[in-house]
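Heads up, there are several structures right after this.
One chain, chain A, appears in both complexes that follow, with chain B as partner in the first and chain C in the second.
Let's turn to the complex of A and B:
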């Protein structure tokens, strides 16, 4: 309890509050800009923290981290392109809602769910940070592989009505993830002598091409007129009933996100897809997912915000940076002579506990600024459709270039845009393809590592308890999904809409 | 007040990011340097002349970095930029560009194409030397302009906290008894960890199973969680975890012991000639104008004498201080390149 108070003291000074607020604002803006992710935003601010005290420096960076995860949902909902890879699952229901003129509801749902996700992860941080950190260490390559397999079962969940097309898209995504230099042998694969391809396909331009560019091309040939829809956009906060509807989903996803976030090798994108699938499979009305269901948005957003707190656990408790962002925060600590690890919780409790309290304060600021920003951002989609589309293409291409200043990214966006357009004509869903790319690397590298360690013995995936548990869970999810899709009658109109909508996403 | 201003600027920077990224520097920009070109890699040291340089940058400098935001080289680049500006050594801002593709090859190629441009510099890591050896890039360090070496960053051999192996003798004995039975995390193929493993296995006559893990963080997790038996890590990243008793350090692959772990012996002390100190340095594009080279080496020398640099970078990351510019720096590069070549040649990976 004393430590808790020390944390409150550290995080509630006037300067701390100020820096958290600045961080959150910068974070939301960075997250909302496709191509600018959390690690770039924090790295840009890092030099400015050198002259601050360690606490203030952390307040600023943690504020950014919180803001970015929420900011990424804004373009996902409004223009169908996630601002950060972790908001990829948000657009599954967010964009259909926007098409129905309910952009306001979608944005407020994302904001509320993000808030709940943050609060849950904050509570976990305060109560059990160190035990969770130790638990994360029991995740070896075999466990990461099984987690990846669990993620891949989502392909079946996303495409119940046409599993073959889903698997086709997923396999394409897995294939794309194998392009580039093989980190085990140091040799390029599928690069055909091109140095650009040898760099591999970055997730950010890939998502922009597959989602935004593909959609723009589709819109060019088959325009969807949203002007009449835009007139209906209302900005009323969530009703009590809606809030009640998303509360359990958000709490569960926030917790799941925190746990996955605490695994240094997983990440926010994986967490949001896994949470989305779990919530969908155990929902009473899974057929509504993908057509504009607020629980879908809540699952994705609560989990990717849960990851924020979760990722701080191994960073503070073990000194392991699990992501680019936590690596930046870690280096801000190191510069001030602070060495993370369990000892830090005893020797300098104001730092870990200050950060924990900062998560709550940052969440408060995120909510307040989120309310203000929502009004501002919604105006964007009120633009006439041609103008908006032109602006989206410009933003997407600029963002893809900004990732690592490589002109090749623009060709990637355009090329994958065309592929996505063609796939859409055959009603092949796009999300499994992105999922394949997200999971491809973790699945392949973890499998090869696990087999190297076990000297080629495949039973390692089934004899290690956590790995075996995840494998069984994956199997259960798969059987359950297939059983339910088999049982439900296939002629309802809503379901056809669901297929069409999944295909267009 | 200054802090507030700083923060306003910082926020403005976020907004300007995409804008910044568009302003590609014009190749071979300024006037005074037009005709003058020098053979690459033979940068003239201005160590002796502390007189005011004749050339000064009048627009922002691109700092190309092969590691992602938050990585070791990125941290170095951002710290240099920040101290140069706050100490008034260089007024123009540094814009750090993380070109991480192909384990750094993208960054090295970018700099290579900027011949003669005095507004580009680049950080150096082990991949900068390894990539041309294994054939992933056709130009080596001699095709760049050497600016400075700021120190070296050796690897340490780590083990889980409860590992039964405490000394090199334990490790060698166990590895001899069970060839390939012990696993060791080496970072990416071609990283400094894989070089260390090759040297160590050769010197001790042993064989272990090398498991590549991407990035230092993944390796740390694996060794703390006893997923592997050993891991090669940089000193800076293990100090905290070792102090907290989450893992231990067995030996250091350097000529001397480190201040971070005064009790940990070097391999050399124990009779194994395992020394592999990766130079952390800065290079410019080929044919950088000599005036610019003189200006930057002078600026880097000034940087090296500031307390901020020594404290925030060298000491905080436990870098072995070994500052050098000009020919002396090139010599360090020569030595390291030759060592690395021999290591990878031995196992048949050297192409050039």
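Let's turn to the complex of A and C:
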């Protein structure tokens, strides 16, 4: 209890509160800019922390981490371009909802779910940081592979109308993830002599190309008139009923995100897609997902914000960064002479416990600033479509360049945009392709590592308890989804009639 | 009526999957790596090939029951112009500089979208570029290409 109070004292000082607030604002801004993700925003602010004390430095960076995950949802909802890779799942329902004139509802849902996700991860962080860190150590390559396979079953869930095209898109995405240096061979694959391709395809420009640039080419494909101003959008906060609707989804997804975040290397993007898939599978109305369902937004946002606290668990408890962003935060700790690990909780309790409290304070600031910003953000979608299109293209290209100041990223954005446009003409969905790219590296690398350890014994994925559990869950999800998509039309009509008659009574 | 687009997609998958399968065999196996560098891409090639077969089968087995709905033709010209504009922008960006090239790009993109009023063209372009420059260069301290101009 004494250590907890020390943490409260550290996080609630005026300077700490100031830096948390600044960090949250910077994080929301960074997350809202396509191309500037959590790692980049944190890294950009790292030099500013050199002259600060360790506590203030951490408060700033934790604030950034909290703000950026929420910030990524804003462009995903408003302009159909995820600001961060983890907001890709938010786009699935956020953008359709915005197209229905309910951008305010989507933004408020994202904000509420992000807040709940952060709060849950903060509670888990306080209660079980060290035990969860130890559990994360039991995840080996086989478990990571099974987790990746579970994530890939989302493909079937996303493309119920045409599963074959969804699988094709997923396979294409997995193939894109193989381009670059093979971790085991140490030589490039599918680079065709290009040094740029040999470095692999970065996820951020890839998502911008597949989502944003492809969508822009599609928009140019249809004639647009200057005077076509988007209809006025009503900015109505969430009703009590809507909040109750997203509350259980947000709580579940926040917890799931926290657990996945505690796994080093798993990441917010993986967490958001897995949570989206799980919520959709258990939903009473799965057919509504992808058409503007607020539970879809809530699942994605709560889980990617849940990762925030989860990723801090291995960093603080074991000194192992759980994500790219926590790697930057870890470097900040090292720069200030702090060595993370179990001893930190004893020798310098104000740091870990201060971070725990900072998560709650940062979440409060995120909620307040999010409420203040939402009105401003919604005005963006009321601009004339040609202006919006030109601005989006400029933002995407600038953001792609900002990733690592490499012109090749711009060619990548344009090239993948063309591929996305062509696939859209053939009605091949893009989201499974992105999912394949997100999960490809972890799936292949984990599979090969696990087989190398087991000397080629494939049963390792089914004999290790956690891995077996995940594989069985993946199989159940896949079979259930395929059954739902291929059941006869007669069966569907009978069920719908039964539901309708129940509702009328 | 046969869905011609799906047929072409099926053919592409068959050819692409085959090419990927054989190209992947270029990557060596090592004794400790059961799958090898080409194993995972070969698996994906099989999946893509299988998808091609399924799509092709769907085309032929459902052709009697399907009718292609006539859709309004799209504006391929505008899409191609947009593509060329962005391509030229990328090629000149580091030589000309961010501000001038982005101003030109936004102006061209607006023009393609039938914004013919010069004043609106200029105003919108300047506002977009100024906002982006402020955000990325000033606030986020991202170094943008300068080139021979700015």
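Annotations
What we mean here is this: the second predicted complex is superposed on the first by the 476 of 505 C-alpha atoms of A that agree within 3 Å, B and C clash if a C-alpha of one lies under 4 Å from a C-alpha of the other, contacts with A are read in each partner's own complex, and residues count from 1 in each chain.
FYI, contacts are C-beta pairs under 8 Å (C-beta built on N, C-alpha and C of every residue); 3 or more make two chains touch, one makes a residue touch a chain.
The shown structure was predicted, so the numbers you read here are calculated from the model rather than taken from an experiment.
By the touch criterion defined above, A:22 reaches chain B but does not reach chain C. Once the two complexes are overlaid on the shared chain, A:386 sits against chain C while remaining clear of chain B. Judged by the touch definition given at the top, the superposed model places A:12 against neither chain B nor chain C.
Within the superposed three-chain model, A:51 lies in touch with chain B and out of touch with chain C [touch as defined at top]. In the superposition on chain A, contact is made by A:402 with both chain B and chain C.
By the touch criterion stated above, A:128 is placed in contact with neither chain B nor chain C. By the touch criterion defined above, A:452 lies against chain B and chain C together after alignment on the C-alpha atoms of chain A.
When the two structures are aligned on the shared chain, A:30 is found in touch with chain B and with chain C.
In the superposition on chain A, A:164 makes contact with chain C only, not with chain B. In the superposition on chain A, the residues of chain A contacted by chain B and by chain C overlap at 29-30, 33, 36, 41, 44, 182, 184-185, 398-399, 401-402, 405, 452, 455.
Listed in rising order, the residues of chain A touching chain B in the complex are 19, 22, 25-26, 29-30, 33, 35-36, 39-48, 50-52, 60, 136-141, 180-186, 188, 195, 198-200, 202, 264-265, 314, 318-322, 324-328, 330-331, 334-335, 337, 339-344, 398-399, 401-402, 404-406, 445, 449, 452-453, 455. Within the complex formed with chain A, the residues of chain C that make contact are 5-6, 8-9, 13, 20, 23, 27-28, 30, 32-35, 37, 39-41, 44, 47-48, 51, 54-55, 58, 74-76, 78-79, 81-83, 86-87, 89-90, 93-94, 98, 102, 105-106, 109-110, 112-115, 117, 120, 124-125, 128-129, 132, 135-136, 139-145. Listed in rising order, the residues of chain A touching chain C in the complex are 29-30, 33, 36, 41, 44, 164-165, 167-168, 171-172, 174-175, 178, 182, 184-185, 187, 189-190, 213, 216-218, 220-226, 385-387, 389-391, 393-395, 397-399, 401-402, 405, 407, 410-411, 414, 418, 421, 425-428, 444, 447-448, 451-452, 455-456. Interface residues of chain B facing chain A in the complex, by the touch rule stated above, are 3, 6-7, 9-11, 13-15, 17-18, 21-22, 24, 68-71, 74-75, 78-79, 81-82, 86, 96-103, 105-106, 109, 134, 136, 180-181, 183, 188-190, 209-214, 216-218, 220-222, 224-228, 236-237, 239-241, 243-246, 308, 312, 316-317, 349.
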